[in-house]
Amino acid sequence: MSAERNDAILTVDGISKRFGGLQAVSRLSFELFAGQVLGLIGPNGAGKSTVINLITGYETPDTGEIRLDGKRINGKASHALSQLGLRRTFQTPRVFKRLSVRDNITLAEIGTGRGTEYNAPVLAALGGDAVIDLPASSLPMAGRRLVELARACTGTVKAVLLDEPSTGLVDDEKSVMKSVIRAIAAKNVAVLVVAHDIQFVLDICERIVVLALGTKLAEGEPAEITRNPQVVEAYLGVGWDRHAQA
Amino acid sequence: MLTTIGQLLLAGLMIGLIYGVVAICIGVIYNATQIVNFAQGEYIMIGGVAAWVAVNWWKMPIWAATLIAVAAGAVLAIIIERGVINLARRFRPPMFTYVFLTFGVSIVLSNLALLLFGKNPMALDPFLGWEPIRFAGLSVPSQYALVIPLCILLVSALVLFFARVRIGKAMRAAAVNERGAMIVGIDTAKLSMVAFVMSGAISALVGVFLTPITTTHYAIGLSLTLKAFAAAILGGLGNFRGAVLGGCVIGVVESLTAGLISSHFKDVVTFLFILVLLVALPRGLLHSLVEERERV
Amino acid sequence: MAERKTPATRRGVHVDPLAIAFAGVTVIAIGWFFFPPYWLTVATIMAMYSLPALGLLLLLGYAGQPSFGHAAFFGLGAYASALATTKLGWPSLAGAGLGVAVSAISAFIVGLPLLRVRGHYLAIATLAFAIIVQGLLENLTWLTNGVAGIGRIPSLGDTDVAFVITLGIATVTYVIAAIIDHGRVGTILRALGDDEIAMASCGISPVIVKTGVFVVSAVLASVSGSIYAHYLTYISPESFDVNASVLFVTMMIIGGTGRIWAGLIGAIVIGAIPAMLSDYSSYSALFYGIAIIAVLLFFPNGMLGIGQQIRAGIRSFRRRGAAASAGSKPE
């Protein structure tokens, strides 16, 4: 699948964040393009979730700039960013437990507009009408992740940041999640996937950023990353290059 | 005119230090338990009332009455902490439950005082006698000479306690990270008890020393709690220096209003000032010890 | 694998507005024909307090924020009505409208910045606000007559007329609330109660929603205060002190949080007491304080949660019994 190289939808430019004594993120830069799936991997504590929090307004970067469609978005509130099309999911899926699946989507429609173009594949994967009226809390983990993703793809969607979308899923469910993510990217949405699951990332990401101790260790295509000696030493270990799509 | 202002400032400083001490007490409990004790002001009332009872009903000398008052504050704190707060912990209720509980305690205590002692203010004689003393060219009630050093002493003692004494350091650790504190073996339940008892005893002590100046009666608790709380927030919840600073600001505003504008509007203006501050600077002027972020 | 039952699946959470309307009309009819005057009075007071009870239920149950100063909005509504009708000669509806406007604006000013932060800030601020309002009512004698109060407020009417009017207003209010609950606003409120962060990720600002809830609760208290003024025909500042706020808080707690008619239960339980004690004497305040503590400690879900608690208690009792008999067998 060839990605259309436009200007970057999302630009992260030299951001840093310190929490008390801990420098969580340090001068990080990368770009996210429409239609491309970018992976963000790294050992525990590398700062991956912090990066998503910084981009989506839950934290404010100490230095650097974050730009959406070229416009600076540092410090904007998370709900405002959602309205601008910068969406995210959470490490532990945050569905509205009291509401049905349909109402979860409705809420997203209220906030970011009606728009089923992007969430259609997600809803299809969920099971469509069979589950649409069930309470969200009654679904298993895979279902809840899909509901959250469907919500994030409702209305205005320019970029979606997924925080550990495969955690808690079994193999079949992971396959479904992979095809859903590919389908979303195919609609020219920029997708960022943060994950611990290396195989998952290697399977769907065209480009990978490796984060360690808050700094970028490497960036490149999966094949390059799995052969990068620093990455191998710091995180991956040997043998992953077999699993990377060349 | 200048002497009047000077007098008002000194009075404001005096009451402000008291607010500061009580604000620290509120902060101590908050740091140890994340609970905001709406009943903190009642301990001041209890201290004054207990001392009054000791002096007027049991004919005790003032130093003994003071000890009784402090004991009363401590005992009451234990009863409330074990009987109410700890009981609520079983359910792991949301935070606002504790807010309501301490508010309920405050209502119960003040109305019990009303029922037992009536509406009339209860007075104590100034400890050093009725002669005013001269300070910096101003003539002030002798009790100031006790209250101000007492507050300074208490604040210093508290600062030292939290810096050097083991339990104090444990409480600071628990304030910053409760789970972490538990992991290294700190007994957070015991900390809660210590925090309440300390705050109760200290507030009662302050109440005894304050009574000769302002008298005590059933209704003073809530107003004191609010002002002390405002001082605590102004200085950053859990920050001791800030609390004292905040207390002095509020005390001075109150005193100047009472003296220069009108004593009727004293409370209105003071609370308006507090409200405006809360609305404009909800996070206070200085840094809070406890980070209040919700982890995403 | 049993599907875990959540309130959304259980029928009956969404209260039917028609049912409420029907119940309200029935009560009014029965009351008009059969209630003795004393019952009419009690019912009128309960209905009057059911409005702020609803508002506080929304505030606490959905926005999760306690307010300790709702007596201020109650008092603002009462005094606005009283002053508008006695000094300005306005019709009572306009007076009530004035009260609503003042309460809404002050709630907005206080609420918007404070609802960004933790609950106890709002609790303190609303308490301070209540003290300020009471202080102003007492001391701005040129406007409010101070402690002497305001009298000769146009009356709601005779006992039975007042009953019909008040219960009518309460019924209409709850019907509107139920209708709104069924719609998108209800969905937003339930989402707010569930997960504010998720709500933000959906593009809706939780602070704005919470502020809206706070303003609505202030408006409800204000309307109730206006009714109070016309009902008693005489008001004075001492009815709007902290004890009055305690009354509202108690109502909120006894009703529990979360369901629209829970507040009604709270109002019914608590509303009976002032009706029977005739004013806020110190005994009633003490009772409310003890009630707050007792209900929170023993019925953390409020009165409506009692059923749940009993069932849970029975279940754990059975489990313990089974474990005990299993353990007693020698291995």
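Per-chain residue numbering starts at 1, and chain names A, B and C are given in the order in which the chains are listed.
Note that in this section a contact is a pair of C-beta atoms (placed from the backbone, for glycine too) under 8 Å apart; a residue touches a chain by one contact, two chains touch by 3 or more.
Remember, predicted model here, so these are calculated numbers, not experimental data.
Here the largest set of C-beta contact pairs joins the chains B-C. Nearest to the common centre of all protein CA atoms is the CA centroid of chain C.
Per-chain Cα centroids separate subunit A from subunit B by 49 Å. The geometric centre of subunit A is 43 Å away from that of subunit C, both derived from CA atoms.
Each chain gets one centre point, the mean of its Cα atoms, and the points for subunit B and subunit C are 31 Å apart. Under the contact definition stated at the top, the residues of subunit C that touch 2 or more other chains are 197.
Across the assembly, subunit A contributes 58, 90 as residues in contact with two or more other chains. Looking at subunit B, residues 296 sit in touch with two or more other chains. Across the interface of their complex, subunit B is touched by residues 60, 64-66, 68, 109-110, 113-114, 116-121, 123-125, 127-129, 131-132, 135-136, 139, 197, 242-243, 246, 249, 253, 282-283, 285-286, 288-290, 292-293, 296-297, 300 of subunit C. Every residue of subunit A that touches subunit C in the complex is listed here, in rising order: 56, 58, 77-80, 82-83, 87-90, 94-100, 103, 106-108, 110-112, 134-135, 137-138, 148, 151-152, 154-155. For subunit B in complex with subunit C, the touching residues are 36, 38, 84, 87-88, 91, 93-97, 99-101, 103-108, 111-112, 114-115, 222-223, 226, 229-230, 233, 264-265, 267-268, 271-272, 274-275, 278-280, 282-283, 292, 294, 296.
Those residues of subunit C that touch subunit A in the complex are listed here as 3-4, 6-9, 184, 187-188, 190-191, 193-195, 197-206.
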